[in-house]
Every structure is written in C-alpha cells, then in structure tokens.
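Next come two complexes built around subunit A: one with subunit B, the other with subunit C.
Now for the complex of A and B:
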C-alpha cells in the first residue's frame, strides 16, 4: 500500500433513511482514476464527499498521511471542479482566478494566475467577463481554478458534459497532462472519456462499487461475452428483444450488430471487449443483483 | 486575514455593483426627500419628527436587508460556484465572515446616506447640537443595528434552510420583527383568552427591532426612545445571531475539531450573558406607546382594583424639609432624609409614595431601623413609643423602583411633577384616582400639600435637569416650595424672558416668538381673570412646557403649583410660531379650582369651560373657539355611544342640560359684562369654599342669578 494512495474503507452515506452510498471501499493510486456509473449511481455524492463538502460515515478515509477527518488538511491539497460550475458573472477571468488564488493561500498570486491561464490556454481571454465565456472556455476556466496552487489531488465531476468533440479531446489531454503531478479523480458516465485517460476505474451503481481495477482488468471481465453478428434488414427487424444490443451499425450488406451474451450466438463471431462492453456487462449482471 | 480581506473586498465590490442594492438605497433616500418636501414645516419646526417618521422606512428596510443577507449567502449558489469556495481551505469561513463584514458595510453606507440627509435638514432648521447626537444614536438603534440583525437573519436562513420555505419564513420573521408583530401576539392573546397578556406584550416588545409604534409621533419631552433596555435587546439579538452563524462556520470548517467551537462558545457566552444580564435588570419605565393620548393600562388596571387608600388620613405630622439623593439611571433610586414635626400625638406615621417605588429601609435619627408596612401607594411607620406633639425628628427612607408610564424617570428622560408622589409626602392618598362617571378615566390626584417645605436635591440622571428649586452647584439644587418639586430632565432648554424662566423641549424648534407671546398673552389673560373674578392668579415665574398626559374628556393642560406652572407643550404651536392662547383661560381657572377633594368631579371643569367661553366671546373668535358648545357636542356623542346604559345617559343628560343653561345665561347676558362676571365670581368662590359643590348647587346658583 503506497503512502500516496487514497484509501477509502467502508464508506456509507445516508440521506435520512435513504442509503446513497453503501460500503464503498477503494484504493486510488496516483494517476487518473475514473468513477463510472449511470445517472443516480452515487458518483457525485462520492465526489462531493471527497471534496469535503458532504459528511459521511467511514472506517478509514485518507490520502497518504492526510485524513478526511481533518477536512482542512484535505482542502489544502485539493483542486475541485464540480459538475455544474460558473463564477460571479460580472467578474473578469483574471479577477476571479486572483480571488481563488488568494483563498488558496498562494504566495505569488499574479504569477500563479498567469501560469494557470497559459496552462488552460485562456491567457487571451483574461479580461473577458465570466458571462462572456463559451461553455468550453468556462470548463477550461474551471480547470484553471482547480489547478491554482498545484494541488496534489484534483477532483473533476462530469467535466466533459456539454462539450463539443474537439473541446472534449482538448480537455482530456489537459487532464492527462496534469496527472503527471497530481492524483486526478474523474467522475463521468461517458465511457469514452475514462477509456481515453484513466489508468484505473471503479464502476458504481445504486450506491455500490460493482467492480474496480485497471482498464485491461475490467475489459477481461467481459471476455467471450461480446459477439459481432451481421444481419439482413429483415433479420434485424425481427431480432428478439431479449438480446442485449450494444451497438448496431448500418453497412452495405445490412446491419452489423454488437451483442452481449453469455451464450454462443448463431452466426456470431466473438469480439474483443471494450470498456463500454465491460461497463454494460457489469451494470447488467452485478447491477441487477445490487438492485 | 489576507483571505478574509480579499473576500471582503470582493463582496463589497459585488454589493456596490449590485443594482438592486442601489435601487433600494435610492428608494429609501427618495422616500425621505419626498416626505421632507411634503412636510416642509415639520423639517423646520419639528425636526425630530422628520427622523421618527422614518419608521415606515425602517419597516420596509427590515425586510429589504433580510433579503440582502439571504441573497449575499446564496449568491455563490446562484452562480454555481458555492462548492468551489467551500472546498477551499478556510473557504467557507472566509466567505461567510467577509459577507458579514460586507453586509455591515452595506448597512453603514445606507445609514450614512440617511444620516447625511437628516443632518442637512437639521442644518436648514438650525437645530441644537444635542439633537445631532441623539439622532445619531437613534439611527444606530433603529436603523443600523436592526438592519444588521435582519441581514444576519437572512444569512442564517440561507445557510440553514435549503428549501423554498425560507421565503415564507422571511415574511413571517418580517412581521415578527416589526411593530406589526402585535397582530401575531393579539391572535395569541385571543387563543389564551387574555391570559398571559403581559408576557405577550413583553414578547411583542422584545421581538420588535424597529420603532415600537410605527405611527407614533415624536414625544418632545421624552425625546427619542433610546432606553438601555432597547440597546441590550438589540445587542443580545446581534450577538446571538453572530454566535450561531460563526458556530455554523466553525462547525463546517473544523467539523472534527472542538477547540474553535469551545473558544467561540466561551467568548459569546460572556457577550450574550452580559446582554441578558442588562435585559434582566429590573424593568424601567419604557415609554412604549403614546401614553399622553392613551393612559397607561397598568395604572388604569391598578386603580380600578385599588380605588381607596390603605390607611386612614390622620393629619398628625408635617414635613419640614427634605434632603434627597436621587438617581434616575435605569430606574429611580432614592435616599431621602425627611425632617418632620408631630402635630398630634401618635405612634405611627403614614406617608404616600407611588406603589412603583418599593421602600427598602427606614432609619431614624439614631440610625435605628424602623418597622414599616408598605401597601399600595402608602407606607406606615410604626414606632415603639408615642411621638409627642411638636416633637421634631427625621427619618431616612431608602426606596427604588419604577415610576409611572405617565410620569417617567429613567436614564432617557425624567418628568416627575410636583403633585405626583415620587417623594414620600404626609398623609394617605392614592397617586391616581379612577373616575367612574360618564367619562370613565383615571386622573392624577393633585397632591398639592400647600405647606412651606425646604428641599435639597442631589441628582444623578439625564441632563439637563429643570426644576422649581434653585441650582447650587453641578448636581445639587435647593429651595423652598409649598407644593412639592417638579423635575424635568432630558433634552430641555431654558429661556429667560424678563422675570420669567421658561423650560421647554429642545426639539421644539424656532419658537422664540411664541414664547414671548405666551408670556405677554399669559399675563394679559391672568390680569383679565383677576379683574373678572376678583382674585389673585399666582403661578410663580417658572414655566415648564412638557407633554402632560391627557385624558379624553377632562384634559388637564396646566398644573399650577404657585411657585411654578407646568403647561402642556401642545400650547406652543411652533408651526405658526405662536401660542394657542384661546385655551389658556380655562386652564388657569381649572388649575386654581382643582384640589384633592373635588378633583374627580366633572362639575369642577365646567367653570373653566364657562369662563373660557365667556373670555373668547369677548376677546377672540368664538366661532372657532366655542369650547362650551364643543363640550356639549362631545357629551351628546358620548350619550349616543352609551345609549343602552340608561343610568349613564340620565347622568349625561343632566350634564348637557346644565352646560346649556350656563351657555344660555352667558349668551343672554353677554352685553352685561358685570352680570356675567358676577355669576362666574360667585360660582368660583362657592367652589373654592365648598368642596362638595355639585351640579345641583350650580342649578340653584343659576336660578338665583336668573331671577335677579
């Protein structure tokens, strides 16, 4: 167990009688860790707990020697970008970052703000008011504020939601870049994002961790369960609804269908599982058990 | 500190660029400008009224600043950045503390603009410097602190209640924290069927952080209501709210660390404890409503229950001298040495002292404690042996307590007239009399002793003190008086006109001409009365213009104690800078006829009405000042209201008949001045000689005069 790992043991979170998170145990190594799960799985709750915004019950929760029982010590090394994010509308990008830099206790505010603006490619927009930023710029601004003060732990919740493909790729690259100096926890329901940048993943559903591991490990759980089959248009229309279709692509010869199945599919060819296959397989099998 | 300062600067920047904040500020300032423009005379002649009329502004401001406090905490939520700040080190605490400071700044900016506006109006009206200072305190007590309190409440709501219920709660709290909370407590009073009314009244007073009565006009004698208790209540609320907010902040920031929580709890326990201690001190007289128009209900209830004095009146001693040590800070505390002479052998002495003052101890000249018994407005000292006739000695009486809602005495203001037993006087009387005739009311018993007595007074209380005694040094007054000592302390001013000294409230502005006119016209009226009724009007040369509590029908607006008179300040019509001389004749007559024996009889006042009618018929415009006709109309109205009470109607009918007869007699003989004067003269003398003079006696007198 490395001293730089984040260790969570038996974390539970209740909202009244409702158990939002149940017995969450994770060990997060330095790098980028992905939290994957459908809407309502408890990802944001877990993220907010990690960001010291929500209290919860747990057996152990620490980052190296820092403990979540002392919220202030975690906040000292934390950069956080929530799912829904903006800033005071009439403040300029520069002023807003300066304000956060001071709050983070940064010693050389101007230099740090400059560094972050260049890092997220917003230097040209420094005088722009927050209300004038596009969605992509606002997300980059969000990352800029999160990385002020070189935090050791960066937590981002659904960071690419609403971004166009180009912005999304830029954003992933930025996170990859940042992961050299910090542990990043990213929560999303977009499998592609996780697959592109994360080393390790946990899949959450209904408040429980269904599976956790590296991406190849996770992929292996769906080995021999993914089938590819070519169907004519008639066959496609009459396909039984019990079959778990992952993807269907229209080709010159009809439809190419990708299926999840424990059993052999007639005319089907086994395919290499992707993280999305594993995710769907895990939700389908383990998620149902949880439910 | 750097964090808090940076947050504070940002919060102030956000506030100062907030259009709604400035719109609210401008509306407030514009309201005052418009109200000053509409009431130009008020600005010039009743400058303090201009300030107290801001009560409506305070009423609205309490809600506005509550919303502002709420908005300031919710602004991060509205801008989707709350989670960012609250996940920063000391982010939550820095933000909330800076918001508290920014809110205070916002309130100060508003009250500063308001103060400048008021001060400009004062400069135009050329008011006395003391008014600037008292107004400053008033603004702090009724604008700055309440706005900060409700701003804090708004913040607390935003911090603790996430649902929309907070909006409804803000409206409920707005009602609770203003004078409209009487609605809530009236409903509660209805539910409890009148039980616990006093407690409900106290609660209504406690929770109201604005002016006690939004429509209450400025009380010239009492001044701005700035009593200590009001400060304690507001500082209590302020510190409690601050404690709760800071505790929340600390709990959130250091959720597992006890040290900061303990530290905050200890500090605020001291602050809150101090304020609670101040609030729990024995209650002083709080002039919470316009008692000059509505008699204090406490007194009314008390004297309905206690109509008779508790001991027989034995006239067995006379007081020769008083040596008084008096403090009116918070409530009255007195140590009074009383020199007496026994006029009839006795083993006990009965004194009259208002029941609000509790006697703590009595010692004799040998420094021995004396047994005494205090019941209501009297206390009786029991001696072990007989006191023989002509024996002279002294006692020292220590007493303390609250004066009446009519006659107040606290650190704010003092008005203790000579006929109110704030000093122990010989005999057994009630301080007030409940009069259950056709005009049910309670009246001050005119305890005019008419005995030459020496006084020495050492006084600690509101400056400036005006009294019929002569000032010896900074805190000491001495003199001889026949009918007691009047004390008027607070925002008073002195003016000498010839031999006369006039004491009047500082807040009555631009009144020089009216005061001169009062002296001149007053002398003319007195001379005319002396000529018409052939008696010497003696009222000394000290005139106190104060706000005399008035009863509905039997208004007593002039009290004559021979060496000084107290006259209601409403006679000074400072808007027109003149004296309302038309009402003076009645008051001068009444003040001479009324005595303790005939005080409660309505007939006593009729002479005043009759003479005033007669005077105005000759010297002023009777169409405007027809007091006798007004009085008859009032009685008719009263009869209409009480038409189901046949006995009362019969009594009122008789009163109307006699008034009409008097008026007819004067009208009929108005060209024969001698005849009318003769009739009034006889009536006056008979009343002075016969304390049992009734309507029947007057009817007989009228018939005799008619038949001549």
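Now for the complex of A and C:
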C-alpha cells in the first residue's frame, strides 16, 4: 500500500434515516480516478465528503499521512471544482483568482495567478468579468481556482457537463496534464470522459460501490456478454423489448444492434466490451441487488 | 509574501450594489442641506433617518454573503483552508464598523449645516449606531440560516417594522440582540452545508 494512496474504509453517510452512502471502501492511487454512476448514485455526496464539506461516519479516511479527521490539513492540499461554479460574477478573472490565492494562503500571489491563467489558457481573458465568460471558459476558470497553490489532491464534480465536444476534449487534456503533479478524482455519468482519462474507476449506484478496478479489468467483467446483430428494418421494428439494446446504428443493410446478453444471441457475433458496456452490465446485474 | 483577505476585494465583488448605502446616506445629507430649518429637521429628517439609516445596515452584510451562500458553486469557498470565523464574524464586524463610521459622519455633519436647536446629536448617533448594529447582525444571522438574500431582507424589514410599531427603545436589549445574532450567525455558518 503506497503512502500516496487515498484510503477510504467503511464510509457511511446518512441524511436523517436515509442512507445516502453505504460501506464505501476504496483505495485511490496517484493518477486520475473516476467515479461513475447514474444521477442520484451518491457521487456528489462522496465528492463533497472528500472535499471536507460534509461530515460522515467512517473507519478510516486518509491521504498518505493526512487524515480527514483533521479537515484543515486536507484543505491545505485540496483543489475542488463543484458541478456548478459561477462565483464572483462582478469581478474580473484576474481579481477573483487573486482573492482566491489570498484565501488559500498562497505566497507570491501575482506569480501564482499568472501561472494558473497560462496553465488553463485564460491569460488572454484575465480582464474579462466572470459573468462574461462562456461555459467552457467558466469551467477553465473553475480549474484555475482549484489548482491555485499547487494542490496535491484535485476533486472535480461532473467536469464536462454542458461543454461542447471541442471544449470537452480540451478539458480532458487539461486534467490529464494536471495529473502529473496531483491525484485527481473526477465524478461523472459520462462514460466517455472516464474512458479517455482515468486509470481506475469505481461504479456507484444507490450509494454503494458496485465494482472498482482499472479500465481493462472492468471491461473483462462484460466479456462474452456483448453481441452485435444485423437486422432488417422489419426485424428491428418487431424486436422483443426484453432485449437489452446498448446501441442501434442505421446502416445500408438495415440496423446493426449492440446487445447485452448472458445467453447466445441467434445470428449474433460476440464483440469486444467497452467501458460503457461494462457500466451498463454492472448497473443491470449488480445495481438491482443493491436497490 | 502572503497577503491578507482584504475589504477592498469584498467591496469590488459586490459590484454596483456596494454603493447603495453610501448613495442613500448622501441623499439624506443633501436633502437635509437644502431643508435645514429646525422644524424640517425635527419633523421630516429625523423620522426619515430613524427609519432608513439602521435598515441600510443590512445591505453590505447581505451582499458579502450572496457569493458565499447563494451563488452556484458557493461551496467552493468552504473547501479553502480558511477558518470559518474569518469568513463570517470577522468580515461582518469589519463592514459593520465601516457602516457605523459613515453613520457617525452623517450625524455629526449636521452640526455644520443644520439648525439643530436642543437636539443632542450624541444621543442620535448612539441610537442610530445601536439600531444599525442590531439590524446588520440580524442580517448576518438570517443570511446564514436561510441562505437567501430575499428572505433575509424580508425578515429583517419585518422585524424592523414590528419594532417601529412597538416603539421599542432599550439600547441594552438592542445590543444584546445584536450580539446574540452575531453568535448565532457564526454558529450557523460553522455548520453550514446547505450547498446549492
């Protein structure tokens, strides 16, 4: 067990009588770790707990030598970007970052603000008011405030939601770049984001970790369960609704259907599972059991 | 070198809204200047400043917490390594002091251009400052309880109207309410987790 790992053992979170998170145990290695799950799975609650914003019960929660029981010490090395971020609308990008650098106790504020602006490619927008930034720029500003002070742990919640495809790719590359110096935890329901940048993943549903591992390990769980079938338009229209369709593509010969099935599919050809297949398979098979 | 959290930044982050209390106090001062007779001061200016000046005290307090409690993603500020009392009571007290200084300037400026007759400006200043302190502190408490600027303004105005009807006049009790509100506000901010 590396000293730089984040170790979480038996974490539980209650809202009154409702158990929002149940027996969460994870070991997060340096790099980018993804929390994947449908809406309402408990991702944001877990992220907020990791960001020291919500209290919870746990047996152990530490990052190397640092312990979540001492929230202040975690906040010293933390950069956090929530799902929705639009503070200090009346200020310029530069002024807001300066203030945040002061709040974070950074020495050499001006230097640090410059470094972060260049890192997220916002140096040209430094004088712009935050309320005038586009969605993509606002996310980059969010990352800039998170990386001020060179945090060792960066937590981002649904980082690419609402971004266009080009901005989404830029944002992923930025996170990949940042992971050289920090452990990054991202939570999302967008499988593509996880597949593009994460080394390890945990799939959450209904407050529980259903499965955790590297992306190849996760893909193996859906091996021999993914099928491709070619159907005519008539066959496609009359296809039984009980079949778990992942994707259907219209082709010159009719439809090409991608299915999840434990049993052999007539005329079907086995296909290599993707992370999306594994995600859907896990939610379908294990998600029902925890519900 | 490490810089400290400065009031100027807080001021800028309020945008144009930061100038409202100053503009209102200047308007009162201007009105008084052009209507400087003793009768006008007693029957028009005094009731007006007793109504408006303390209420204006809530303005800055509400505004400094809009970013921290009302905006989307405001939870971020609580993930920074800053003690919550610095985000709360320390900032509130700084802005209360700034407002009280403005109130004192307004009141004692009357000496220069108003026929004040037997009116004791010290007593007026003491009352206005006490009320302003009480209103500002209540604004802090209700802002942290409701996380809503609209609700806070409505509640504090409601309480203010009620005390007007009851003609409530005890400096000691007003100070006590102010201090309790400050403590309550900080307590709620310490355990605040109603993130947007």
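Keep in mind that, in the parts below, the second predicted complex is superposed on the first by the 291 of 291 C-alpha atoms of A that agree within 3 Å, B and C clash if a C-alpha of one lies under 4 Å from a C-alpha of the other, contacts with A are read in each partner's own complex, and residues count from 1 in each chain.
Please note the rule applied: contacts are C-beta pairs under 8 Å (C-beta built on N, C-alpha and C of every residue); 3 or more make two chains touch, one makes a residue touch a chain.
Remember, predicted model here, so these are calculated numbers, not experimental data.
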{"item": "Fit or clash - subunit C, subunit B, common subunit A", "value": "clash"}
{"item": "Which of subunit B and subunit C A:124 touches, first, second, both or neither", "value": "neither"}
{"item": "Partner chain(s) touched by A:70 [first = subunit B, second = subunit C, both, neither]", "value": "first"}
{"item": "Which superposed partner A:52 touches (first subunit B, second subunit C, both, neither)", "value": "both"}
{"item": "Which superposed partner A:162 touches (first subunit B, second subunit C, both, neither)", "value": "neither"}
{"item": "Which partner, subunit B or subunit C, touches more subunit A residues", "value": "C"}
{"item": "Touched partner set for A:135, first subunit B, second subunit C, both or neither", "value": "neither"}
{"item": "First, second, both or neither for A:104, with subunit B first and subunit C second", "value": "both"}
{"item": "Touched partner set for A:145, first subunit B, second subunit C, both or neither", "value": "both"}
{"item": "Touching partner for A:87 - first (subunit B), second (subunit C), both, neither", "value": "both"}
{"item": "Shared subunit A contacts, counted only where both subunit B and subunit C touch the same residue", "value": "48, 51-53, 55, 72, 75-76, 78, 80-82, 84-91, 99-100, 102-105, 145"}
{"item": "Subunit A partner contacts - residues on subunit B that touch it in the complex", "value": "2-3, 6-7, 10, 14, 17, 75, 79-81, 83-91, 94, 253-257"}
{"item": "Residues of subunit A touching subunit C in the complex", "value": "48, 51-55, 72, 75-76, 78, 80-91, 95-96, 98-109, 142, 145"}
{"item": "Subunit A residues touching subunit B - in the complex, by the definition given at the top", "value": "48, 51-53, 55, 69-72, 75-76, 78, 80-82, 84-91, 99-100, 102-105, 145"}
{"item": "Residues of subunit C that touch subunit A when the two form their complex", "value": "1-6, 9, 12-15, 67, 71-82, 193, 195-196"}
